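Each of the two complexes below includes chain A, the first together with chain B, the second together with chain C.
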Partner chain A sequence: METTNNITVLSSFIQAWTNEKNSPEIFPYETDLITEIRNHINTQQQIIDKNLEQIKEEETNNNDSQLMFLTNIMLMEVERLNYLLRSYLRMRLDKIEKYPVYILKNQQVRESLSKEEQQFLAGYFKLFEKHMKNSFLEKLPKPLQKIDDEEEGMVAKPDVNNYVACKINEDLGEVQFLEADTFNLTLKKDDSYIINYDHIKPFIQSNKVSLI
Partner chain B sequence: MYNLQNNFNPQETEFLSGDEPIKIIPNFTLNQKLVFLNGEYGPFQPSIPIEVPLWLALTLRRQEKCQITIPVWLSVEFLQDILKEEKSRKKLSKLHPYFSEISAQLFEHAPNDINDFEKVRTLVEDIWNVRASKIREGIKDITNTTYCLSISDLTVMERELLKPYATSALKNIWLIFNSGKPIKRPNFPNQPETNTSNSTNTNTIEEETIIEKEQETTKRTLRKFTTEDMETEQN
Partner chain C sequence: MDKSGVQLVKELVETSYILPNYNTHLIEKVEQAVDKSKKELDLIIEEEDPKSPQISSALLYHHFAMRRNKRYLCVYHNERMNTLKRLRWQHGSTLPSEISENCSNNEQNYFKNYSQLLTGYMMNIELDLHGYFTPPTVNDLFIEVRVLTDIGDIYTNGERDIVNLKKGTTHFLKRVDVEQYIKNGQLEHITNN
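This part shows the complex of A and B:
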């Protein structure tokens, strides 16, 4: 049914937003969810614009207050969705700005970005490189002019050992995590933990564990 | 980089709580359906209760177009039971995840719809204080070998307040704990990440023996921490 599908769109997007906020890495771009949300926003925005025009034309009419009231509510909902979208996109852009070289070198991560984000990355890195060269790199001897040297640790990589809060969505039983000694944890449904991101990373992709 | 903080501030949790459903009794008529992303609401008839998202309920209430039906968990009897339960045991009681946010917003915008408003407000404050002291007690149990923290019964507000502290504390513990290990070199581009136990290529023989000695002499026991572990461990 349409209604139940739409409930999952919003809650899955909020889950993707929360995952993005909590994790040090960039998750795959949620193209389908975002397209659906933008479609909804566009249809609502059209109705809002039509209503506002209609209200402008008819100066004093009893039905206007009803129409204005309805339009205001629709505006509020559109505002809320826009806020979510903007926040999601801004978070991803901040992460791209933080790890440009790592993403450029890593094909897998680059595929998580949308086309527009990849363009942003290319443009940003070009500016960054140009700025570095003009500031001081040109004046250094040739071997020291690299800005993407892996061995020297120049490439900032997302730290997968950050601790994150997560919620278990399915009964996973006893899971073994590798540390200096291995430790076991019984993961039951609806439990929440603050745990090393590296340990639960494999479960996030299959949505068995979600970040909160 | 504001956007890269890993926790929600109270305004953001309040925003998230806006999608929670709540029952209202409108006093206006609207024959159309409101089409939102997560469903259709309406039509609205006076004196006929209807369920709407919290943000809509509060907007309508501000314009005095409805009366909000206070949820069961915000009544005096329920809160008194919860307070008794909280005071009697170490484990945190189960509350609505957006307990603080919803009660704060209802106090601000719909105080007249709440029976015994003053009493409810003091009860909510008392419950918050008891839980906060329990959480503080529980945090004292983080040792230099804690590897994860169980936060199953925290509400969203409590969790987001705890997160910055807990994540950085546990991260630092992890760093100290793993400081005796060989440094993992980043692997590019498509090599699988090697486990610490397999990363023999970066070690010389001397380094390996030193690390082994360290691990033998310091007996580390890893513990899982829960707020109820204190009870079970004493048994």
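This part shows the complex of A and C:
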């Protein structure tokens, strides 16, 4: 049971990481997944340390190479998880820095960030605004002093019109999409598509379609 | 028409430096151009009938000129901020002096504050986000390094062990622990070639 659970946690986390990597938008923070992954890393690291101690203490032993081999595999796993974890968090920070005004104005997105990320966002925007103001904004005429003027196109938004590769997770039947003209696609399980992100956005959120 | 704005942005594109000197002179010229447009705009509104097509096109001209100049300034500052942020991730919380020389006071403050913001976030989540910038491979896990300059004691293995990096010694260490020293040129990665 433990093993199956671990595999599910891992594949969910990899999917979350893939989503962040391939989508211009920022997804809701996976609090439970991250906690589990971090716990798993810590547990594994403890076992690794214990093994390394044991190997150091024992004299040249037949079992040594087996234990070392096993420990190396665990080490590899821990390093991979460490990479994924940090990559995930860094990608999100990147997006927060790219679209601070957009996220601040969009309550749903903002509230789906982790508490620490929200703090970072607030601090980052303050820093950004202060720097622009002190450097030149203050010296411009009053009507130009806004930093978040949507009319002027100053608010960067994630570009949802990029194409992404995705996989269909369940039979969705015929779905209608709106583009230059409407077109229909029959989305069957295990089909893969390269499609405009905007079109499949709602399906990703309900996990019916996954980015690959 | 004032070309300072274009020059300002061009400077960033054409430079071979990581960060060219903060061009206060050009920035002031752009600000002056904006000011001039504003004054002309105000003058026109005061004296002329805004409904006539000639007048309204003159108004639009100045309006767009101002906004374009503002955009130049924004792009210039934004690009430099991005460079500074990148440097923070690559170099750590102290700017190399050649670069901070080329920064305005505001930019130096920005760098310092961004650095603090990052550190604060990492402390909040109790995780150091540095290192692990590329996916690990089997050969990458542990590497052999030779010490080129004295570094002294460093933590390895997540602060569980201490290794003394003395000039001339070689060690077999976790890549993540020594990445930064290799980048700095203080350690040499020994490959079997």
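Keep in mind that, in the parts below, the second predicted complex is superposed on the first by the 185 of 212 C-alpha atoms of A that agree within 3 Å, B and C clash if a C-alpha of one lies under 4 Å from a C-alpha of the other, contacts with A are read in each partner's own complex, and residues count from 1 in each chain.
We adopt the following convention: contacts are C-beta pairs under 8 Å (C-beta built on N, C-alpha and C of every residue); 3 or more make two chains touch, one makes a residue touch a chain.
Since we're looking at a predicted model, the values are computed, not measured.
*Asks:* Applying the touch criterion given at the start, work out whether A:192 contacts chain B, chain C, both or neither, answering first, second, both or neither.
*Replies:* Once the two structures are laid over each other on A, A:192 reaches chain B alone.
*Asks:* Would you sort A:144 into first (chain B), second (chain C), both or neither based on which partner it touches?
*Replies:* After superposing on A, A:144 lies in contact with chain C but is clear of chain B.
*Asks:* Once the structures are superposed on A, label A:90 by its partner contacts, choosing first (chain B), second (chain C), both or neither.
*Replies:* Both partners, chain B and chain C.
*Asks:* If we overlay the two complexes on their shared chain A, which of chain B and chain C does A:76 touch? Say first, second, both or neither.
*Replies:* Touch status of A:76: both partners.
*Asks:* Would you mind checking which one, chain B or chain C, touches more residues on chain A?
*Replies:* B
*Asks:* Does the superposition put A:120 against chain B (first), chain C (second), both, or neither?
*Replies:* Only chain C is touched by A:120; chain B is not.
*Asks:* Does chain B (first) or chain C (second) touch A:27, or do both, or does neither?
*Replies:* It touches nothing on chain B or chain C.
*Asks:* Both chain B and chain C contact which residues of chain A?
*Replies:* After superposing on chain A, chain A residues 76, 80, 83, 87, 90, 93 contact both chain B and chain C.
*Asks:* Can you check the complex and tell me which residues of chain A touch chain C?
*Replies:* Its residues touching chain C are 38, 45, 49, 72, 75-76, 79-80, 82-83, 85-87, 89-90, 93, 97, 114, 116-117, 119-120, 123-124, 127-128, 131-132, 134-136, 139-141, 144, 152, 154.
*Asks:* In the complex, go through chain C and note every residue touching chain A.
*Replies:* 27, 31, 34-35, 38, 66-67, 70, 73-74, 77, 81, 85, 104, 106-107, 109-110, 113-114, 117, 120-121, 124-125, 127, 129, 131-132, 134-136, 138, 141, 158, 160, 176
*Asks:* Enumerate the contact residues on chain B facing chain A in the complex.
*Replies:* Touching chain A from chain B are residues 1, 3-8, 15-16, 18-19, 30, 32, 34-40, 55-56, 59, 147-152, 154, 159, 163, 166-168, 170-171, 174-175, 177-178, 181, 186, 188-190, 195-197, 215, 220, 222, 224.
*Asks:* Hey, which residues of chain A end up touching chain B in the complex?
*Replies:* Result: residues 3, 6-7, 9-11, 14, 21-22, 37, 40, 44, 66, 70, 73-74, 76-77, 80-81, 83, 87, 90-91, 93-95, 98, 105-108, 150, 153, 155, 157, 161-165, 177-181, 183, 185, 190-196, 212 of chain A touch chain B.
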